[in-house]
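In the two complexes below, chain A is the common chain; its partner is chain B in one and chain C in the other.
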Partner chain A sequence: MEPALQFLINGLSTGAVYGLFALGYTLVFSVLGVFNFAHGAVFTLGAYLTYLLVGGAVGANGLLAGLQLPFALPFWAALPAAGLLTALVSLAVEATAFRPLRRHRAEPLLYLITSLGAGVILVNLLQLLLGAEGYSLPTTALGALPITLTIAGAQLRSVQLVLLVVAALVLVVLSLWLEGSRSGKALQAVSEDATTARLLGIDSDAMIRLGFAMSGFLAGIAGGLVGLSLSISGPYFGISYGLKALGVLVLGGMGSVSGAVLAGLIVGSAEALVPSEWSGYRDAIAYAFLFGVLLLRPQGLLGRAQSTKV
Partner chain B sequence: MDTTLLVQMLLGALLALSVYLPLTCGQLSLATPGFYAIGGTLAALLSTKVPALAGAADPAGGAYPLGSVLLEMLLAALLCGVLADGIGRVVLRLQGIYLTIATIALVEILRVVSLNLEITGGAVGIFAIPQPFADPAGYALFAGALLALVCWLCQRLAVSRPGLAMAAIRDDAIAAASSGIPIEGWKRLAFVLSALVAAVTGVVAAHFLNAWNPRLGNFDASITTLAFVVFGGSRTWVGPVVGGLALTALPELLRPVGDLRLIVFGLVILLGPALFPQGLVTPERLSAVAARLPEPLQRRLGFRLSPAEALDPEVRP
Partner chain C sequence: MNVGQGCAAETVVRVAGSTLVAALLAACGSRPQTGGAGGNGALPVGAVIALTGNASVIGQDQRIGLELARAQFAAGSPQLDLRIEDGGSDEATATNAFRSLIRADVVALIGPSLSQQAFAVDPIADRAGIPVLGPSNTATGIPQIGPFVSRVSAPVSQVAPLSIGAALRQNPDIRRVAVFYAQDDAYSTAESKIFQKVLAGRNLKPVAVQKTSVSDTDFQNQITDTLRRSPDLIVISALPSDGGNLVRQLRELGFKGTLVAGNGMNSPNIYPICQRFCDGLLIAQAYSPEADTPSNRAFLAAYAKAHGGGVPPQFSAQAFAAYQVVAEALRSLQASRPAGTTLAALPRAELRRQLNAALLKGTYQTPLGEIRFTPEGEVVQKNFYVAQVRMNRDGRSGRFQLLPTPAAL
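Take a look at the complex of A and B:
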């Protein structure tokens, strides 16, 4: 019985991170109809910032070698702080990579390029400043929580429970905000039809900025959580997460919040079920799902079918 | 200029043309590095594992026969052509961003598979791929000839009936379909042509690089090649060639700034599209340049670069 529970928690906690990540894509996609390929880099930045904020020191390779913040926050404070900082960075990405093109009414393809340019800059700045080496968050970051917990006879890493709880919390708050608040509804209105929303007096530019800030916050949180549970393997580590999250996004149906979460959990659990002798192929699972979904149900699990207007 | 860099630039231009071809009918495919990797891996495998291909050349240092390279190119083109046709039947039903994501997934699946297969050498790759040319100049000539051939084909395509059909699909697929243009067929043709160009480029690159590993066909490569096309401009084949040549050279030319070169590269693709939304080379700019060429040369080259100009004699330079 115990391996089953362990598998489940492993899969769910990985899946929760994919879900958070995909949600960040979704927020931007729903207001602008384009992807932000700098999202993976913002995620990476979130992981590094969390590391620095909990008091981690920079290694010997970067320009900032040996730097250590004069204070060390506990993880529960460092994570949202990193999220706020990445939200700011995400706003900067919007201002440089998206706004100029929006003013030109450029074709959507160009956003792919400019956002990728922003991502390349972020990743290489990280490499320049902090070096290419990996970092791991101290195991003491969680304070009084023991490293492993025994629940119903199964040994669980408490990190994974933290991951699940934080992800669930963020999702609940996000859904409540989207459905219940004035600004959340305005955001939905913009994603439904930006022109009509503007005619109704909604400041769509402000909503787009809000979407980016939320998306950056989610990416930062997801990065910090992965940094805690797995470690940061280098400035490029967000890219593979970013690509997989694309698969998760399509599986869930683009623009669907609950779909993104459900798809994240499905992909995470499927990856956990891959037997260890085939572990090399684990990375392909998200893409295999992606292909299957595109062929069978292009609107995604919980997405709406889109009709083409003539 | 350094000949090695020249070869890299020529290969970059070829890959850019491979991304450009599906765009001629409005399809953004990022599958180019996948087919490039198939071509490269196939060439690496055949030339290192099949002794017959090395021919009579003595193993002590004789050059690898050029005929074998051409045979590898043929085989890679066949394999990728068939594969692209099959994938195209499935994937090209998808529209817009879904198609792009599907091609990203294809590239990643191919990368994961080649990382895990024993025969492709896993993450280490395949080494000591035999050389048909003793020095980079040979490769430069060969890749240059290949590029010229592909450019010529793109130019023929642009002014031919299929090219016009593809342009019509790009401008308005629904209108094109209602005018009786079989849009599925032309989209698939463009996708297959793109795969062929990427595959043969992969074969040349494998010999030139002397070693092949799965990293050469990853997502980064998808984006770099896309940047070539967006930077150069996707309305004519000249744009991707210019973009491929220039952006391949850029990181190398920036080598003096050391660690900053990728940041500068990022700045170029971050700011380029806002400054030149159509890319560097637009049909108008190209016509303006072509109009300055001597009259007989213009006629010989048949310099009608966009299909619209081919149809309307008034706009001809």
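Take a look at the complex of A and C:
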């Protein structure tokens, strides 16, 4: 029982991060129909910003070597603050790498190149400024919470539960906003059909910017949570998460919010179930699983089958 | 030209512009950096280190060592022109960097950062007849790549067993052992094989062997599985980022036994990752900042002056030693020439051949201690160490406290 619970929590907490990450991809994909390959870099930035905001110092390398902010926020304040900052960065990515192409109705392939370029710039700037060292958020970031909790005989890291709770909270708020607010419904209308939405008086461009801001916020939150739970293993650590979340997005059904969450939890749990003797092939097994599901259901778990006009 | 064509052209220009800027920034670490002495008869020496990618945490330490060595050996003849190029953290980038420096007609190459890369790129230098000196390639089989390949980094087979011995001296009751290693890294794989051989030699059969990846950050499933088997000792072969993270998660998930880490984690860069959980970690070292030799004292002073204190990591010391070997071998070669003649006047192929021979013949007093080479290019290092990490109260800084080695006991 204890190991099963432990594996379940491990899987769900990993899956929750995948889900949050994939939701960011989903929001942009749903309004523009293209992937934002700078999303992984924004996620990485979120982790670094959270680290700096809780009082972390830059190591011996990088142009900002030794830098430490004159204040230190508690983690609970630093996480949303980092999310807001990454939302701004995501808006900047939209303004420089997406908007000019959209104005000229460029091919979707070009968005791939410009967003990839923006991501590479961000990651290299991080390395240039902060060096390549790894960091962890201070072990005291969770205040009075103990390092581990024992639940039903299973020893769990408190941070895993925090990660699950925060991710669930963010997802609930996002769902309520999407379904219950005018702006959320407007975003959905743009994702259905931007032209029709425009004819109905919805400012599609504003909705696209909103989608990017929300996407950046989610990436920043996910990055901060990973920085707390695991570590920031250098400026490149968002790449593997980015690839995994892309798989999660496809598995859930492109553009489906609930699909992204469900797929994230499934992939995280599937990874947790990989036997230890195969642990080195965890990614290969996760992708093989993805591959298999997509062969059976190409539109993804909760995606809609695309009809082709003839 | 109609409006549509104009827009398309503008779009292409914008995309090309954005991509160009991205490429330029991406290349900020890959631009060759010269020592400034080029063009005045200085001999070009190339260095290919990981300044970008997952291994850049190693490369940035190596750059520090190379730059300190360049400053220390700036005086004297011949003058050297150090050209540092980013080898990335993969084989393709390292190959491009090697080829670029070979085209620049360097007399010797230092690098690459990873053993994995060395197996791909060292044969290129060897075929071109250029001496290549590995600063951190510890996997089995590196000097055997060819006659122009040597290394200053002691092979894992010499360093790794020491820490197992230290762990068993601290706790002779160790019976159950688990092993973690990064299976996608040649160094970690080679080191883990040595660790497992040493453990088998002491009748300690691992209760779990967990394979990870250098880019992994989440080890919770492997740890949960391993801790169910109640190991007394866990032996890790990894690099600072993944290894430090693994140590932290092991301790957080309740592992109270002995932890041994391989030589790849012999870096203060683990401190900010595993923080207070680094405390007690046993590490075999090919370099110890605490070694009391004149070369090391000078190196420590130069490092502290350049960085406002602190102690250098092993990768900086090894890179320093690699540059020192090349510089001193060239000096001895210059000293053997008739007065008034310069090495630069020699045909480059002949100079490289003579340099390789001189390099393998010499004995060098480096921060690593006294080193020399076998005719095959394997380093013969006099001193190795085992240290235990002692973290300070702040949990963010610490030191490698030397443990007595069997010879000293």
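General observations
What we mean here is this: the second predicted complex is superposed on the first by the 307 of 310 C-alpha atoms of A that agree within 3 Å, B and C clash if a C-alpha of one lies under 4 Å from a C-alpha of the other, contacts with A are read in each partner's own complex, and residues count from 1 in each chain.
Rule of thumb we're sticking to: a contact is a pair of C-beta atoms (placed from the backbone, for glycine too) under 8 Å apart; a residue touches a chain by one contact, two chains touch by 3 or more.
Keep in mind it's a predicted model, so treat the numbers as computed, not measured.
Applying the stated contact rule after C-alpha superposition, one finds that A:L112 touches chain B and leaves chain C untouched.
Contacts of A:A284 after superposition: chain B is touched, whereas chain C is not reached.
Of the two partner chains placed by superposition, chain B and chain C are both touched by A:L101.
Annotation for chain A, partner touching more residues between chain B and chain C: C. When both complexes are overlaid on chain A, the residue A:L230 reaches chain C alone and has no touch with chain B. In the superposed pair of complexes, A:L125 makes contact with chain B and with chain C alike.
Contacts of A:F35 after superposition on the shared chain: chain B is touched, whereas chain C is not. In the superposed model, A:G292 lies in contact with neither chain B nor chain C. Of the two partner chains, chain C is the only one that A:S136 touches; chain B does not reach it.
Comparing the two interfaces of chain A, the one with chain B and the one with chain C have residues 96-97, 100-101, 104, 106, 110, 113-114, 116-118, 120-121, 124-125, 127-128, 239, 280-281, 283 in common. Every residue of chain B that touches chain A in the complex is listed here, in rising order: 28, 90-91, 94-98, 100-102, 104-106, 108-109, 112-113, 115-116, 174, 219-220, 223, 226-227, 230, 259-260, 262-263, 265-274, 277.
Interface residues of chain C facing chain A in the complex, by the touch rule stated above, are 7-8, 10-11, 14-15, 18-19, 21-23, 25-26, 28-29, 52-54, 56-57, 59-60, 64, 183-184, 208-213, 215, 217-218, 220-222, 224-226, 228, 240-242, 244-245, 248-249, 252-254, 269, 272-277, 307, 310, 395-396. Chain A contributes residues 34-35, 37, 96-97, 100-101, 104, 106-110, 112-114, 116-121, 124-125, 127-128, 239, 243, 246-247, 250, 280-281, 283-284, 287-288, 290-291, 294-295, 298, 308, 310 to its touches with chain B in the complex.
Only residues 3, 6-7, 10-11, 13-14, 57, 59-61, 96-97, 100-101, 104-106, 110, 113-114, 116-118, 120-121, 124-125, 127-128, 131-136, 138-139, 147-148, 155, 157, 159-160, 226, 229-231, 233-237, 239-240, 271-272, 274, 276-277, 279-283 of chain A touch chain C when the two sit together in their complex.
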